[in-house]
Amino acid sequence: MSDVLVFAEHLQGNLTDSTFELLGKGRELAQTTGGHLIAALLGKGVEPLTEQMGVAHKVVMVEHQQLAAFNPEAYAIALKAVVQSLNPSIILIPYTSMGMDLASALSADLGIPLAAYVSEVKIEDGTLMTVSQMYGGKVNVESEFSGNPKIVSVLAGAFPAEAGKVEGTPVIETMEAPNALANLRVTFKQWIEPEGGDVDITQQDVLVSIGRGIQSQENIPMVEELARKLGGALSASRPIIDNKWLPKSRQVGKSGLKVKPRLYLALGISGAPEHIEGMKDAELIIAVNSDPNAPIFEYAHYGVVGDLFDLLPILKEKLGG
Amino acid sequence: MPVDPKQIRAKDKVVVDGIELTSDWNRMFDQRPVFDYDVEVLEKIAGIPGAESMAWCYQCAQCVPVCPVNEVGDYGPRKIYRRLQLGIDLIPDEELWKCTTCMHCLRVCPKDVNMIDIMPAVREEAVMEGHVPPELQEVFENTFEYGNPLGESPRKRADWAKDAGVPVPLMKEKKKADILWFVECYPSYHPRGKETSVALAKVLHALGVDFGILGVEEKCSCDSQRLAGERGLFEEFAEENIKTFSKYQFNTILVTDPHALNAFKKEYPKLGGRYHVVHYTTFLAPLIDRLEYRNTLNYRVTFHDPCYLGRHHGEYDAPRRILNRLPGVELVEMWRCRQNSFCCGGGGGGMWLDGFMADHVRERLSENRVREAVETGAQVLAVCCPYEISRFEDAVKSTGNEGKLMVKDIIELVVEAMGA
Amino acid sequence: MPNQDILVIGGGPAGLEAARCIGDIGYKAILVEKRDRLGGTPDEAGYAALTPDLRNAEEAMSAMVQAVENHPNVDVRLGTTVVAAGGSAGNFTITLKNGTHEENLNVGAVIIATGFQHFDPGRETQKYGYYEYEDVITLVDCEKMLRAHRFVRPSDGKKPERVCFIQCVGSRDRRIGNEYCSKVCCGIASKEAIEIRQLVPDCKVFIFYIDMRMYAYWEPDLYWKAQEEHKVNYVKGIATEIVKKGDRLLVKGEDTTLRRPFEIPMDIVILSVGMEPSQGTREMARIFGLKQNKYQFIEAVGAPMDTVTTSVPGVFACGACTGPADLEDAISAAGLAAMRAIKTIRHHSNKKAS
Amino acid sequence: MHIIVPLRQVPDLVEDLEIDASGKDLDREWLKYKMNEFDDHALEEALLLKEEVGGAVTAVALDGGEVDKLLFTAAAKGADRLVKVRGDFPTPLNSHAMARALAGAIQGLDYDLILTGVQAVDELDGQVGVLLAHYLGIPHVSVVTDVQVHDGKAVVHKEYAGGVMGEFDVILPAVLGIQAARQTPRYAPVSRVRMAMRKSTIEEVSAEASAEGAPDIRKLFKPEKGAGAQMLEGSPEAVAEKIIHILKEKGIVQ
């Protein structure tokens, strides 16, 4: 009744970061509720993955051919069976492609409450409290739950994954696959790998973006190196694309692409409204510009007024390797 | 059937009797094709109400040399006609989106082939059929949703007035004023536009003008959206604006934007909205000596005639009269001025087609114009259309003329001279 | 007794020919000319050679003038205008004015031959800058220089190296209101081009055109001759703008066959201005109450089968007052007008007699 | 093929969102609503499918806000039938209530496929599409980027992090949560919208909805965000140090 159940998400044979993030948070919650942290691992031949789930007290495994790859219907059936059998207090599901299918399905099927877009989970005076990032991050909603169980669907990256990567030997329990798996309306067919090609800047976690302040094409390789060191890619504002210094696929802004990276490092971009439109939703914006009145500083979280050619070499050096 | 360029093939290198032939000598032609002029598309396009004059072209070619787009690329009404004759449909054709409706061709056209009517009519068909450049689609959607092409909050339309430092009364509170100032979108939202609005507010205040603005009640005049093919959008907001105007008593509508001037003068009357409308330069020119000037500007200034103030509405003198009265301003003309003025590229939807145009022209019209302005030796390029200030400021940067040329709205120069 | 005299208004080629015909047949013609001399536009504008045969204009016109001046049946009234008209066919009352002196006159029929005026290039919508640049001239200005045998750049008197004609200035233009072709400018430009080439052999001559409109023998006599014998260059595509560049003129346009814009330096640009009804033509239409077409030329109501009859019985019109016309048209129509006027007089005499 | 596309209105994020006096909801008096952008993709995909295999598209929306404009815009784009769902709905309307109301309305309609936007900015208690599928008792797949239909089933691509996709067969009827249509949602020319306003009719059905299934909202609050950027000052050396510190703090560099 006071256990915390984490849906262990795995993709193509690997547990995802979200799983560790939830396991770490789950353990913290279980300590407060006085229950156990239990991981639900659905799949086929997934037992080796349990080795990475040392943080959990127990891993409940359901194995079935229909669970070999994620299947919204099959996974919902199996997870429902696990929940019904364990009757946990809190169910943690990542707010990811898989979690989206599962959390709401479970809520509707079992008639239990659900909070999505969650970035914070706490137990205060015995009550579970969540904070959800709503309205594109513009407003947070603090909610509480009465009764058990309840489903918390957590945003990727909300908690550190480290806390979920703890050595240990969980109890492995195998549950019989529900009969309903024999009769599905949704069938997994195959994996489709993404196509190669030029970088898709909308998919990058880190973008180093350049504007007119970069002055000449010769300076681009230097910035590219910085982007590489940050594990990201190079993007640009319109003038750079117009000059054909970078391909159109790298353009951020109104006539280019809208991006939402975790880090947007804007170098020599003054911040025309047309550009701002394309990047204002980045999680962290750091802007470097020589003009203290550049509008980009209105939108950036951190700003640096100065010559970017003074800063760049030092920054690169400090990032090392 | 259109001529297929693939029917003309060039070989890289042809050697005949040991002599290497180059250029035209090695052009190899396919067998002569059976060819048919599919004139149906010409008839279809000329059959669109408003586009009738497309069929009148007699290929005299006067339009091409004056066409600003041809100056930086390959375009012209004559060429459009010829393509239509060859069976190339204009509706899905990219050529359809190049025209800025600057009216230069119509000025010289002996047959009145009127691109100012043809373009919106054919584009409207294209929009209906779903052939809209994505950049433009977003602007249409923004306008429909928010009442302005920038996609800004309609509630913040009058936020600029907070920085004016002088009272900017709302018609909603005044109900009655001599002048209803229609601010328009770029002067309400664009950072540089807002600065010109503040400047105009200061001047109106200094002159003791009895004026009011509509604030959140104001909706885009949509003239450029209409010219870009969205007549429905234009009508939707025209009806709203006419309804709003009818709530208040005023004698004159003052506009900052020549495109709004065009809408109110030429299009609103068709929908029952008849007003006395003036551009702010026309309004200000006779009053310019009533202002007190504390500063001498010491600028050599050149002035760009906006297409929709000059060629479309014949106002060439008022902006010049204002500039000539400002202490320390020396006005120098670019060769292309007045009736012959160049185009900044912003009209007729061009404002929102920069990405599209980049694939079709050697340089932006604004860049071409900025080079001309720099050649006059002027320090200031004076403008009086909200599209121009941002377009030319961009162009000053992209042509590497930063520090050499400032772009200022005339009203900003007035305020600078006043020292207000 | 109905009046047997015929009033001919206008002393240009058409009026001269009409008066001569009337006199030759034995009727009396009263030829009224507002200028102090006869010869009409070819004389007034100082034509050098006539189109299409390049005959010396002065000689040709003075032969016509002499034929009339020496004619016993022609009463020439110079410096005279018609200021009022009344009555009807067979018996018109006309008021003539010479200086301050007014005189009433009775005539049986009237022939109007008040001609045309050249299009004023200040009215064009393009940017040719006729009143701005000295070296932009018209066909007429060119004609005067050719007649003086001195074809030079007006701005500095230097010998031109490159000269061009721009066709259709003020003609075939809906914006200006002259939708018609002025008929003669292509021929005249070609003729002048030949003369320029003869006078200044080193000077290259270009003609920018929409279509070259040559009729009948003008094709071999002028167009081909200009191109083949006199090396005049014809370029399809009209220039739209003229800019001063140094001491030369930069002519901007599009070469439509090449599909490329051009900018060509020229020493002299000649605008091929077309024809518009003259002030006299407009005035006569008003005084006689004649129907005019939408371009204000006098309408020949029976055209094309009858090119001289106007909307008022007994009043006939010939030459360029009825629309753009070359010399051949004007002379032919003048003869016809004379014949129709005489027929009117006879008709009314017979009616009266019976 | 009868396709139903439920369209929902969400608060427009272009406006500053204000919190009402109770602290538990947005101040809805001045709120501007617009169509959920993912629903626009769902509608586009539905129209593309109709163009491919024939059939009809029905747009369904819950009453409130500018629902008529929303439905007429759908008609202008090509929706054949417009349905407005009326009822005594709780405010704010949460995902569970919305899904129940839609299920009630859709049950009475003929359908083979339901396409919804994959998510919306105000889905505190889960995705309407998935909930709807369960209330209707039909399968669902979320985060769908490609749909083809034949022989009573849909072949869909579901996208996972990093761009890898799974291909599924789904027996119809089903609910698919559309992440992105195969092409940019088409433009509805305003003349068409105006024509739809004059010529199209909106059918009305009523439905009931309970809000059961959501957590209890304690309060709304705005995330902390200073006005403008926090400026980093000092020598280039010091600034670089500060930037790296920030990046480490956010877990962007190790």
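By letter and in written order, the chains are A, B, C and D; residue numbering begins at 1 in each of them.
As a convention for this text, a residue touches a chain if its C-beta (ideal position, glycine included) is under 8 Å from a C-beta of that chain, and two chains touch if they have at least 3 such contacts.
Just so it is clear, the structure is predicted and the values come from calculations on it, not from any experiment.
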When the mean CA coordinate of each chain is compared with the mean CA coordinate of the whole protein, which chain is closest? B
Distance from chain D to chain C - Cα centre to Cα centre, in angstrom: 77
The distance between the C-alpha centres of chain A and chain B, rounded to whole Å, is 45
Between chain A and chain C, what distance separates the C-alpha centroids? Give it in angstrom. 87
Name the residues of chain B that each touch 2 or more other chains. 151
Which residues belonging to chain C are in contact with no fewer than two other chains? none
How do the chains pair up in terms of touching? List each pair. A-B, A-D, B-C, B-D
Please give the residue numbers of chain B that touch chain C in the complex, ascending. 58-66, 70, 76, 78-79, 107-112, 335, 339-340
Chain B contacts chain D in the complex at 124, 127-128, 130, 132, 134, 137, 140-141, 144-146, 151-155, 230-233, 235-236
Interface residues, chain A side, partner chain B - complex: 212, 238-239, 241-243, 254-256, 272-273, 277, 295
In the complex formed with chain B, which residues of chain C make contact? 125-127, 168, 172-176, 210, 237-241, 243, 252-256, 259, 261-262
Within their complex, state which residues of chain D touch chain A. 11, 13, 17, 19, 26, 95-96, 99, 118-119, 121-127, 130-131, 133-135, 138-143, 155, 157-171, 174, 177, 212-223, 225-226, 228-232, 236-237, 239-244, 246-247, 250-253
